[in-house]
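For clarity, chains are labelled A, B and C in written order, and residue numbers in each chain start from 1.
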Amino acid sequence: MNKISKIYTASSVPAFPPRPRNLFPVWLAATLAVLWLIVHDLEISFETLVYGVADMGEYFSRYREPDFSDLSRYLELMGITLATALWGTVFALVVGFFLAPLAARNLSPHPLVYRLVREVLNFMRAMPDLLLALVFVAALGLGPLPGALALGVHTAGFLGKFFAESLERVDQGVYEGVASTGANFPQLVMYAGWPSILREALGFTLYILDRNVRMASVLGLVGAGGIGLALHDTVRMFDYGKSGALILVILVTILIIDYASAWLRRRLG
Amino acid sequence: MSTISIESVTKRFPNGFEALKGISTEIAAGSFTVILGPSGAGKSTLLRLLNGLEIPSGGSIRIAGEALDKGNLRKLRSSVAMVFQQFNLVDRLSVVTNVLTGRLAHRSWVGSVFYLFRTEDMDIAQQALARVGLTDKAWSRADKLSGGQQQRVGIARALAQRPKVILADEPVASLDPVSSEEIMGLLREIRDRDGITVVVNLHQVDLAKRFADRIIGMNSGRVVFDGPPAELSPQALRTIYQREGMEHDNHLDLALAYA
Amino acid sequence: MTTISIWRWPTPNGLPPLPLVAALCAVLGAMWFTASLVEVDWVHLVGSLGKMAAFAGHFLVRPDWEYLPQLFDKMLETIEMTVLATAIAIVVSLPLGVLAARNATPHIVVYRVVRDLLSLMRALPELVWALVFVSAVGLGPLPGVMALALVTVGFMGKFFAEAIEVVDHKPVEGVRAHGAGWLQVRLFAMLPQALPDFVGTVMYILDHNLRAATILGLVGAGGIGYDLVMAMRLFQYDRLILIALAIYLVVTLLDRLSDQLRSRIIHGARA
């Protein structure tokens, strides 16, 4: 106590303890060095970049006059794309719904089950959906169905993980309250688990739907249906009018979905 | 005949802490027992063992003659209801649905995972809610209720189980004095009318003295007092509430005088 | 009649809640109507399970070890593209994020314009941008990095803005009360509070960008994607298995790392 109230004369003001070494400049320098190395290694030439950027204005102006003569076909393709995203998302939702409780540490019936399901989810998440689409196209043939499957498998990994983490954040007391009545595992999941995270889970699902619409519009590149293949072809044939129209159709659709799901999420939260 | 028999039960947590150091006692059917003790005495641990929320490290527990083990855990839980300090309701479900969770163990899971209930179960829930005086709140969401009301839902959930035993772990510690009085009165009335065995953890001496048939005093994982409320002398209280390594504690006397 | 009187939902009328039923019907209805668009064919699906198994069987080959050095090069390129694009995006997103945060923007018009700009940037998938950039600047990692960075700015700017919007207002007022200027308030009161959120966001985005970078090669925008498609087209399963494994390893590694970093940021610097 008296240590604090002691009166210091000007000469006896204690010096600051040695200043903790600030490593920020070191980190910054190291980061910049790494970035420089990367630029060097990727052989990104600034010339190309500068020319590219200078030409960009001219280049983009070629898309100035979108050619909507085929609009009805584009809209149909976009419809297929949206449907693919919807089916993929529902698939992911169903798989995530069943796997997540097994992958939540505090709910899982056995630590081994927990580890196993977590690894399965990780694997599904780690495989890019376009790679999965390639695989499914090889097995099922061309068309939107392999695309929907690919989206579904990949995003089931995401939803499963997000759901499991939400389930882990639920107060242990809520689980104990239901478990103390003698409820079994499925009952515990349905009464203490899902109701507690319902809003959060719906938010995640909308977010994934959003993401799947974006991805579905490029799945066509690997033959998995939708609008992506048409875009790929027109860009490759330097048909700027049609490319512009396709890009606009994709853009407007995605913006609409984006605003709609943001609005829904706000209402849920 | 005793409903609960506890035989030299010990509990050591994974971190090595021994919360219960050998408890042996019998709790008679249809009695109202209060377990009294300071924080950390091991009251909650003991109660959680009786519901199977924790597994004993040693000794055995029998409920109505049946040993509590992994195999019959769910069956025994369905007849041993638990009421929690923090209520532990599912916030987003309606009051009725929370009460109906008390019926889950009695039904196969097929209907119940779709939230489908038999009309008998609805009737049981209706009766339980009437008992705790919350009929008009039936369709409210659980988290819209006050603390006292939520605890009454907790008790209704316990009643809906049609249990032999109700365990209550500090059911009034989060409540104001008036609600506390109501809740203790409710538990007492349940014991008197339905003959359900009630075991309550408390740290309020006055409540324990007024409501209990029998008081078990605990300190540092041991039973240090066991008898009717009339025998709970200041001396006995001092043993219950003494802190380890402390000969005589003036603060304690003071605190007990105002308890 | 009897079933209705025996079973009921715990609602006043004994029926499931209307919003839930409506949502479920809407989704199922939409799926019903779009089933033909997606060409859902259960018989075909079940029938091709055998094909799927046969396909998986192809992977039981001796991996093409000769390919390892090139694989390593391409994976490194993929990672480098990710890091570079993310770094560029951070630098661009910080100021844009400030402009797009309701409580930090200099003017509400700026706020609206930047917000809309950001949502335009993230609307199109990286692959579409990459396709466009490849035809603008030619093949190679450069169009890939540009596409990644562009879309990332769209996401990151929005996340940053949202992190700034939820900072506690009291320290901001404190700093302002001491006579700090416009920029100082943003630098010393708002950014430090939003920083933990930023780091979490950056980890998420790094994760996302790595996945995205693995497929950019599909349109010739650099990274492992090109080899992936080629191996697929040429049925080089001995390479394909190595590529898939490498992607899995790197993505999983980053995933674990970012999980740990995020939980460390959230729960303080312990453990």
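Methods note: a contact is a pair of C-beta atoms (placed from the backbone, for glycine too) under 8 Å apart; a residue touches a chain by one contact, two chains touch by 3 or more.
Just so it is clear, the structure is predicted and the values come from calculations on it, not from any experiment.
For this assembly, give the contact graph shape among line, ring, star, complete and other.
Per interface graph, the chains form a complete graph.
Could you tell me between which two chains the number of C-beta pairs in contact is largest?
If you count contacting C-beta pairs, the leading pair is A-C.
Taking the mean of the C-alpha atoms as each chain's centre, how many Å separate chain A from chain C?
4
Measure off the straight-line distance from the CA centroid of chain B to the CA centroid of chain C, and report it in whole Å.
48
Averaged over CA atoms, how far is the centre of chain A from the centre of chain B? Could you give it in whole Å?
Centre separation, chain A to chain B: 46 Å.
Mark out which residues of chain B touch at least two other chains, giving numbers and ranges.
Residues 97, 115 of chain B each touch two or more of the other chains.
Can you list the residues on chain C that touch chain B in the complex?
Where chain C meets chain B, its residues are 5-12, 16.
Any idea which chain A residues touch chain C in the complex?
31, 34-35, 38-39, 41-44, 48-49, 51-52, 55-56, 59, 79-80, 82-84, 86-87, 90, 122-123, 125-128, 130-131, 134-136, 138-141, 143-145, 148, 214-215, 217-218, 221-222, 225, 228, 231-232, 235-236, 238, 243, 247, 250-251, 254-255, 258
For chain C, which residues count as touching chain A in their complex?
Touch residues, chain C against chain A: 27, 30-31, 34, 37-41, 44-45, 48, 51-52, 55, 76-77, 80-81, 83-84, 87, 119-120, 123-125, 127-128, 131-132, 135-138, 140-142, 145, 211, 214-215, 218-219, 222, 225, 228-229, 232, 244, 247-248, 251-252, 255.
Would you pull the chain B residues touching chain C in the complex into a rising list?
94, 96-97, 100, 111, 115-119, 122, 125, 139
For chain B, which residues are in contact with chain A within the complex?
Listed in rising order, the residues are 51, 53, 74-78, 81-82, 84, 86-93, 97, 101-102, 104-105, 109, 112-113, 115, 154, 157, 161.
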